[in-house]
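Order of writing sets the labels: A, B, C and D. Residues in every chain begin at 1.
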Amino acid sequence: MNLDPDLFPDAPDDDDHFHDECGVFAVYGHPEAANLTYLGLHALQHRGQESAGIATLDGAGKMHLHRQMGLVQDIFSPPVIAGLPGNIAIGHVRYSTAGASHVRNAQPFAVEHGGLGVACAHNGNLTNVEQLKAALDAAGSIFQTSTDTEVFLHLYARAPAGPIVDRVVHALRQTRGAYSVLFLVGDTLIAARDPHGFRPLSLGILNRAHVVASEPTAFDLIAAEFVRDVEPGEVLVIGPDGVRSLRPFDPAPSRFCVFEHVYFARPDSTVNGRAVYVARRRMGEILAAQSPIEADVVIPVPDSGVPAAIGYANASGIPFEMGLIRSHYVGRTFIEPAQSIRHFGVRLKLNPVRQVLQGRRVVVVDDSIVRGTTARKIVKMIRDAGAREVHLRISSPPTRWPCFYGIDTPTRRELIAASHSVDEISRYITADSLSYLSQDGLREAVGYPGGDGFCEACFTGDYPVEIIPAERLAMPRG
Amino acid sequence: MNLDPDLFPDAPDDDDHFHDECGVFAVYGHPEAANLTYLGLHALQHRGQESAGIATLDGAGKMHLHRQMGLVQDIFSPPVIAGLPGNIAIGHVRYSTAGASHVRNAQPFAVEHGGLGVACAHNGNLTNVEQLKAALDAAGSIFQTSTDTEVFLHLYARAPAGPIVDRVVHALRQTRGAYSVLFLVGDTLIAARDPHGFRPLSLGILNRAHVVASEPTAFDLIAAEFVRDVEPGEVLVIGPDGVRSLRPFDPAPSRFCVFEHVYFARPDSTVNGRAVYVARRRMGEILAAQSPIEADVVIPVPDSGVPAAIGYANASGIPFEMGLIRSHYVGRTFIEPAQSIRHFGVRLKLNPVRQVLQGRRVVVVDDSIVRGTTARKIVKMIRDAGAREVHLRISSPPTRWPCFYGIDTPTRRELIAASHSVDEISRYITADSLSYLSQDGLREAVGYPGGDGFCEACFTGDYPVEIIPAERLAMPRG
Amino acid sequence: MNLDPDLFPDAPDDDDHFHDECGVFAVYGHPEAANLTYLGLHALQHRGQESAGIATLDGAGKMHLHRQMGLVQDIFSPPVIAGLPGNIAIGHVRYSTAGASHVRNAQPFAVEHGGLGVACAHNGNLTNVEQLKAALDAAGSIFQTSTDTEVFLHLYARAPAGPIVDRVVHALRQTRGAYSVLFLVGDTLIAARDPHGFRPLSLGILNRAHVVASEPTAFDLIAAEFVRDVEPGEVLVIGPDGVRSLRPFDPAPSRFCVFEHVYFARPDSTVNGRAVYVARRRMGEILAAQSPIEADVVIPVPDSGVPAAIGYANASGIPFEMGLIRSHYVGRTFIEPAQSIRHFGVRLKLNPVRQVLQGRRVVVVDDSIVRGTTARKIVKMIRDAGAREVHLRISSPPTRWPCFYGIDTPTRRELIAASHSVDEISRYITADSLSYLSQDGLREAVGYPGGDGFCEACFTGDYPVEIIPAERLAMPRG
Amino acid sequence: MNLDPDLFPDAPDDDDHFHDECGVFAVYGHPEAANLTYLGLHALQHRGQESAGIATLDGAGKMHLHRQMGLVQDIFSPPVIAGLPGNIAIGHVRYSTAGASHVRNAQPFAVEHGGLGVACAHNGNLTNVEQLKAALDAAGSIFQTSTDTEVFLHLYARAPAGPIVDRVVHALRQTRGAYSVLFLVGDTLIAARDPHGFRPLSLGILNRAHVVASEPTAFDLIAAEFVRDVEPGEVLVIGPDGVRSLRPFDPAPSRFCVFEHVYFARPDSTVNGRAVYVARRRMGEILAAQSPIEADVVIPVPDSGVPAAIGYANASGIPFEMGLIRSHYVGRTFIEPAQSIRHFGVRLKLNPVRQVLQGRRVVVVDDSIVRGTTARKIVKMIRDAGAREVHLRISSPPTRWPCFYGIDTPTRRELIAASHSVDEISRYITADSLSYLSQDGLREAVGYPGGDGFCEACFTGDYPVEIIPAERLAMPRG
């Protein structure tokens, strides 16, 4: 029995990528806090297109909240922003999994407790949320959503009496898993990252205002300066007296999500100290060295495959071309037409440039393969456009395991690489050859040749935070 | 500090009436449960036009919920109803106070607890809600709304382990004030009325399905049969095995809201065993006897004043006419035009029939006067239409005290009868004479000449359930 | 072949009345012209609920137009009115026939011709519109709508060069049938009524501004004064130099629509010099004299039957009661629920008051019977509520013929009185007795005992303006 | 005096490009005609984002029409498509000039004439439209829009009696300027291109159905095959008996718009027999030869500058990189925030990749400069990201003259190259150097080294069809 009938959506995402589930943004101490947060969320839109929300605290201590389904630019019209006064704001964008869309699950989540408004915005995924919910339920808590964020707030509310920061730390200590989380409690903004630092979180400054964002590219848009990443296990407390840093957790090895480099983060971002564009181009260069092929042209699957394709072309000396054109008018709301003509599929998004492909031996560079269905369509499309050979190069290792730390992935059953060899996948997608970047190659590209400091569970199944076995086959909560 | 900036709206309701704050409806054991609930809520629309909601339990034990701002017929389109499967449903309509409109406060309120969906819909007002919230907050509960309903659910969740019904009774026992409340917990429907029975609640039957409604008129629309009123202090438990009746509270004197007879209930309803139309007509007859006047015509303020005006006309022998015409296209969303021409006011709703009024001595019958502003406009409108004399007759005693049991009333400061004599009010509204029905007259009309069994606090200030003094001047929560 | 697939809607109107097809309103010379027109249209909302529109002329000679489906109060929000600047405005409300709803057919209709904006708003129906369209089409005109209004504008544009007024008169002269029509051409407002004067049109004054409306009740709302009716065959020209009256047509006998008195006009209106409320009450009085019956109670079918029922009760001495309660939350958009429970029908609008009806001999007064289906349901409902006898009294003669002059009526086939005797109808609707007001009775009630000056074609089939035979069985255009 | 207050919008387009004003698509003889047209329009979305529309003819000879403001995928939901039955469809997308947005101007435009539905969809611009409108107006035509399309239909309606095709040709013969136009009259589809062939138009085939589109890339999406371009001056008549080709106009030199190659057409299209991607890449190659520079990196202004930048990089041997990232969540509806923080400007669309630019000598390739304001912002952004030098290369000659043949361009006053030398422009935009592709270079790239067959008026002011002098400084109609 469950309140949310859409908890386990089964409709596969039609662009066949893993997807980040959230982005967060905060401003402390600026009269245009909601406005800036809206711009920051706009820059983080790629991390979540289902819903967005902003909570602000006004000068009189009142909290204001607006959450809605849709894109940031459609939600935050001037009247909506005018209804979000105050110098402090936290914001959130949420990913649209195929079915679980409901404004009830939109963030920030806000409640009243102890005479204060308390708001929370979370990017990540707690692995012990079922146990925590069961214990809270037994103790008389009631749940309105299926979000981790509500659990955070229940834990906060039940923390021993004491200063706000202690209560937040008490709540965080009980959780396991991945979180880059923001709390707005009274006039205090708290930004925390789990001890392994799965998901990114950065601190910036805009004149005298402090800003926090999932990726520092969001600072560019508002002309704020990047200060530094919030560190794994760090709790930043931003209040009227400035910023304090706490380290309330036991030390743990850094486990930053390597897929942020492969696909999630924007190419103009720098995460975990490494420029994303440069890392992706480097993946392509190493891939060219590891899996060379005689060919006439290198083309990316746009837009995400572009930097790696440039790297592959540069390293191999094979000319780079845009052999596939992506339509930018395809939104998430696109409704395909009647069954009788619905075989068009991926053509709505991608179309080949025949003159680039005809009679050529083509290297196609993409960042990953999830189910293989889209890759298969793309290979067919390129071949139909006249390509003589189609060689697919993937700028990351095979994705064999679902993620439980804040990424929307299908179950193992659906991950083609979980049950098929590279050769089998190559045959399935009808490519002339298929190669993946090696794990060592990826490590080198993201700047940790020693192989430490990253979470690679989706490639290896080696989960840094224990997952309850039964869950390993199920979809995480989001 | 408060989450809801609109908690204490100050904009007076423009039709200057007391207003019921809610209506509830439930179906147990019918395959069209949501459909029937939608029709039932439509019949109860007069009890609340702000928002409406339905929660259903489907055969697989899943709860489905839809709540929205607006009128029942605009909310429950066929696709919405199709999304509410199941044999059990509870529904709610909520009154639109001027400012506190927010879908967050719409009902039913639904949460998950103990592996079950728990939904609650409430008509009434708890008088000890602040104390309960403070205690729950201190124990770690978090609040998302400013509704009594959320308090009910917190109390339920914190009740000692035990059968569902015991937990609900445990929750109810801690509350004070007025409630006609529905709980849907798992496959059990519980309908309870507070020991004083302030607000109405009736049981009906439709083939083998059980139905519950705030007023039995809602049964008419779905061709269900009225069985009996739920009694004050009674808890009805409707489950797979039928209906059980519990009496878990200490006995208390019946205190049914007399204003349901005066204005709230539909004229085609029967509440507390008395047909509303007949009671209102009788109010007019007694009023004619108590406050006779020589006049040429009796007119009602439509629509609520019609039965009493008919009674007054019958008893006095003065002809009944419709001297004021009410526009039925004026909704709550009506936006008045620019300041420069906004003196039209009440004309948007009412317009006089000059030929009925010109040169006549007119008796105008209305059910109550709250602030006096509307009455003053009506008297002026009738006089401007050529009436020679205007005598206002009110079919209830002067309303001098705010209600704390589920009715939206202004503070004492705004109640004109709280600080002015009948003569002063008559002068303010510029009537040639003004008379109210006496308290004894009202008692006789509603069929309890002995004067017992009803709550008359709005006339007398004699509150059956103690109100904390500080609150007596404030607006109740809604 | 036709542009409009909904030209001949076949869904019967669910409240089984004839319906007016339009209302018009204009303001000349007031800085709040759009605002006042919006209020005026609101007062005329009963004449058309499908769509509404306003065209204004601003100080720079630009025309502004807004038309939309829906109710006046939902369409004309402050921003919409702000987009309609100027001192001159014409407005229109249009009736919602079941299927032909399309914003393309909304009025005013506006075009550009001769360097001027030309707008037109029409209440009525042209009988030679097919011939005019055929001739215009042959001459190279193109049609975007199925409205008479577009025909008016084509005729205007093709009139011989000359002053604006001459061109408008030239256009009007070519038309046959019913029109109360407004033209806004440059800074001139022209209000014209066809020679027979089928539909009403009145002139009023507000300070120094002139106002025109389908019914003078619209003046009340804006505190304008009624000046006089525009006369049959009169063309009023309102310009910067004041009001001129022209009589450009051959004299014709007055043929005012008697059904405006029976049902269409608001009860607080005065049309054709006679107060509608008084006429209706008189219909009831005469009906009581013509068709007396021994009974215990007289009840109206609300709201339209109320004045006649009061008249019947007064004249017969039988007490008047509101035995049927009308829900005012049923809008035109009401969607009935699933087939399995849709037999509720008229209950959504009307509900009986059992205590008024039980064991009684009941006289029910309504204004007309169209198809008989609703009357049958009402009789059954009253009998089910316990009435001993049900006697239906209709305050107009049997409606046997469709209207071709601006009223939405079904074809003869659907008019029950066209093919059935009063006795047969009485049996069909299961009444104990049924009587209609006689034609002479109606003439007396509306103040023309001589029987001249009115159009009674719907009762007699005696059409004042010739109808092409083929059309007599079809639905008029709207 | 004008009906349309927004005829001459003054707000500059924020991405500072010329813009195509329309795209057209048609299907003849397919049961899913509306569905396929919707997909075709989706593929042509880049040619117009303001509004879209589809008209269909059903089997019973009825025309159905749906037009709406917005993007194709938001407009044509399944119910809307279901309301467009039939085997023949024509569709249109219209460009959103800053202010003239009104659904009244959306296309196809449809009327009824001669007992037939007549619909028209037009890409282009008539240069003698004012004279035509004046003459039609004098002859009694009325105008509801400010579009050329309505003029086409008036001319058709006034053509001498005769076969449909003759009437269409008669209408076309009276017009001057640019048109690729579709007529749907009865069951005949007519596709015509003006004698100079300014705008593209192609014929395709899908099984036995005929399809017509502004660009053949639209055929890809529906898996139709490209047959050939409709030729300049050709009129294709598609009817039940197949396709006929007429040449009813005097021969005229081909004047295909060269800017379709530079910017308008999709890179995956082939127009005028030349693959657009290849032409653009060649522009970059020639530009590299004509204007070499020592640099470290070549970057495009995405997305339109990508092929030329690849060409420039290939030809110069300087590495190609994506140094600017484009946000794909910026729609046309984006509302910039409050004044106080609105200096962000172009950052919402483009963001630099610092690691690609820092310390580098950067060649930036774009397709054109209109006002120079955006180029200036981009140069600054690249320099702020640390570039040592910024050299701007434009893959077309300076645009010095407005277009009157269907492209939305600013007046000469606003075109920076109309009044400034290349050096002055270079200083204004603060580039280290600026070069444009020469006219000869462009001719070579698009495959007509002889320099004939294209319209180059925006570079040369040499207008193939005479423009009335007064109009040369004004904005064309759209």
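Observations, loosely collected:
The rule is short, and it goes like this: a contact is a pair of C-beta atoms (placed from the backbone, for glycine too) under 8 Å apart; a residue touches a chain by one contact, two chains touch by 3 or more.
Computed from a predicted model, the values in this text were never measured in an experiment.
At the far end from chain A, in terms of centres built from Cα atoms, lies C. One inter-chain figure worth recording: chain B and chain C are separated by 37 Å, centre to centre, where each centre is the mean of the chain's CA atoms. Per-chain CA centroids place chain A at a distance of 61 Å from chain C. Chain C and chain D, compared by their mean Cα positions, are separated by 49 Å.
Across the assembly, chain D contributes no residue in contact with two or more other chains. You'll find the chains touch as A-B, A-D, B-C, C-D.
Across the complex, chain B is touched by residues 1-3, 5, 61-65, 110-118, 137-144, 153-154, 156-159, 186 of chain A. Chain B makes touch with chain C in their complex at residues 32, 35-36, 38-39, 42-43, 45-46, 49, 71-74, 77-78, 81, 217, 220-223, 266-268, 270, 275, 277-278, 281, 303, 306-307, 310, 314, 319-322, 325, 327-331, 333-335, 337-338, 340-341, 343-344, 347-348, 351-356.
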